[in-house]
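First the structure, then my questions, so here it is.
Residue numbering begins at 1 within each chain, and the chains themselves are lettered A, B and C in the order written.
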Amino acid sequence: MSLRLQAQSLACERDDRWLFQDLDLDIHAGEIVRVEGPNGSGKTTLLKILSGQLADYEGELFWNELPMREARDSFLSNLLYLGHAPGVKAALTPLENLAWYQALAGHGPDEESRYAALEEVGLGGFEDVPAGQLSAGQQRRVALARLLLTPRPLWVLDEPFTAIDRDGVAALEQRLVGHARRGGCVLVTTHHELSPCAELRRIRLGGGGDDVGV
Amino acid sequence: MSVSEGTLAKEVAVTREEPRGGLAVAVWATLKRDLVLLLRRRSEVLNPLVFFALVITLFPIGISPDPALLAAIAPGLLWVAALLAALLSLDSLFRADYDDGSLEQLLLTPQPLALLALAKVTVHWLLTGLPLALMAPILGIMLALPAGSYAVLAISLALGSASLSLIGAIGAALTVGLSRGGVLLSLLVLPLYIPVLIFGAGAVQAAILGDGVLAHLAILGALLALALSLAPLAIAASLRISING
Amino acid sequence: MWAFINKLRSPKWFYAISARLQPWFWAAALILIVTGTIWGLAFAPADYQQGNSFRIIYVHVPAAFLAQSIFVSMAITGLVFMVWKIKIADMAATVMAPFGAAMTFVALFSGAVWGVPTWGTWWMWDARLTSMLILLFLYLGVIALRGAFSSRDSASRAASVLAMVGVINIPIIKYSVDWWYTLHQPATFTITGRVGMPMEMWLPLLIMVLGFYSFFIALVLTRTRSEILRRESSKRWVRELAEEVN
């Protein structure tokens, strides 16, 4: 079955300021949706709402036609969220970091796929180095390895290109497009300009939220 | 466990169900991860113990080296010092996870957050409360604690510090998003520690006087049962608040 | 029930209804407290053991009642805020906290003053006073936590959770302190733990308690109203209101 994430007249008020109002979204499988807007326009907040972290919003969210409150468990087991911070423990090696994420996702220990995922993101040879000794870009890559390790259809990525070098950016962009073409769905915020493709769609958040357009 | 098959499937499919049996795997992995993390930063485990010994050293110096006097106040002193030592390490319980973003990830698993948080608290108790309980009898000797109360001291501390970890974790979860939460954490948590202190120190006192100790330990156990059933929910709710702070 | 909850969602409705309610509570508070004070201080008989110093009960007991009730109210409004997202509840909890702390302090202070003729000292580790002192720390914790957050929404939620955790702990703290007290000082004289007070003594006490509660309700209504204006100052109805006044 394919995936569908809908929002109806979504609005979010933080401390008496409307970040956005009357936002209608309909996100389908096979799409890359880029959320755009100036700093402080609520991009991260929107992603947090759409990934089920923030319950403090008005309007309705639907996951595969079901209200989010009922579908939360099923939604979360289809979601992969990468936030601003990579979520990588400095004292653990990339392998150990991934092992925890693998277990959190409900998978048993599978060292082979972890090695494969690290190899794929260009961290071959760094599997057993404590992540604290890796560069910021490499730590980000450890987080990105989860995209390969845990197959989830819906990706919600907040600034995934941060600290990544040019080759890495190209590879990640390829990966996003590939994911969409295979029936997945990507929701992303980024300052990096994504190269146009058929799958790409933009959502613009304005300051104050009055001029929201899709 | 029934892992959704086909890790390298070409088509991305939407799963309806979360993988069953995943909860045990996730809780166990969280336990293991936190244990490894703390054991790699051994000073974080040792600091509360050193603090405990140091505070106990201050009392004979500050009050009097008279063994009779020390013996009279030893149960309370040991309990208060252990309680403060356990408090010292609470601030870091969720902070590292908050700073590096893994707390967000913990919140986004389909598993119940309360149980994952409980795993983290368990590790805190294993590496703080339990060592403090084991160390207390040695410091008891130095305070001339009367014979016959040493086992009760260790047992009451082991039981009581589990409640302290659970209650303290609520405060730690509430203050994790604040840049200077340390002192505030003590202010929030210490009043809630008082019942545990009363019955913990009371147990040692009762052992010295030769009264029944079991009643005290039973109450400590009851407090722990209550904390075990309610605190994880409060911790989970507090973490969700803090992550959006 | 649901209609009422939905009405509570509207600060404007609350602002209007509270304007009609608050004069009654202020009047009741004034009448009851004045009556209770005169009756209690001038007409109630002196205590056969404590003489006239017992009359401080007419301040101490109502303040102690309020101190505990306000914490419970704070937990209830916190729960209402968390479950139904009713902002009024949080505004009320915000204004209750400092008042509750003040009442706790009044109870502690009057207890200490009472201690001078009764025990010959300003402070005894009496079970009630000790519980009251711990309650004061709980209040200070809630107030400090609310002040520590930069986002008011998070502050409100955090304070609500802490108030609920505190309210579960208050009976446990109370029982354990009582137990601790009897263990260390068996059967000494406690200042308020007495039975068989004659009616001429407890009737003014009852009036004082009711007066304090009316005062509490009136104060919360009035202060919630100004909190509404402060928080909703950007809303249209508040601006229209301001224009009318000018």
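We take it that a residue touches a chain if its C-beta (ideal position, glycine included) is under 8 Å from a C-beta of that chain, and two chains touch if they have at least 3 such contacts.
Since this is a predicted model, take the numbers as computed values, not measurements.
When chain centres are taken as C-alpha averages, the shortest distance to the whole-protein C-alpha average belongs to B. Chain pair with the most C-beta contact pairs: A-B.
In this assembly, the C-alpha centroid of chain A lies 47 Å from the C-alpha centroid of chain C.
Chain geometry summary: the mean Cα position of chain A and that of chain B are 34 Å apart.
Taken residue by residue, chain C touches two or more other chains at 151, 153, whereas all remaining positions touch fewer. Within chain A, contacts with two or more other chains are made by residues 56.
Multi-chain contact residues, meaning those touching two or more other chains, occur in chain B at positions 244.
Within the complex, the chain A residues that touch chain B are 1-3, 29, 48, 51-56, 64, 73-74, 76-79, 81, 83-92, 96, 99-108, 110, 113, 151, 153, 179, 182-184. Here chain B touches chain C in the complex through residues 170, 174-175, 177-178, 181, 184, 187-188, 190-192, 194-195, 198-199, 202, 223, 226, 230, 234, 237-238, 241-242, 244-245, going by the rule given at the top. Interface of chain A with chain C (complex): residues 14-16, 56. Residues 85, 151-153, 231, 234 of chain C touch chain A in their complex.
Those residues of chain C whose C-beta lies close enough to touch chain B in the complex are 82, 134, 137-138, 140-141, 144-145, 148-151, 153-154, 157-158, 161-162, 164-166, 168-169, 172-173, 175-177, 179-180, 183.
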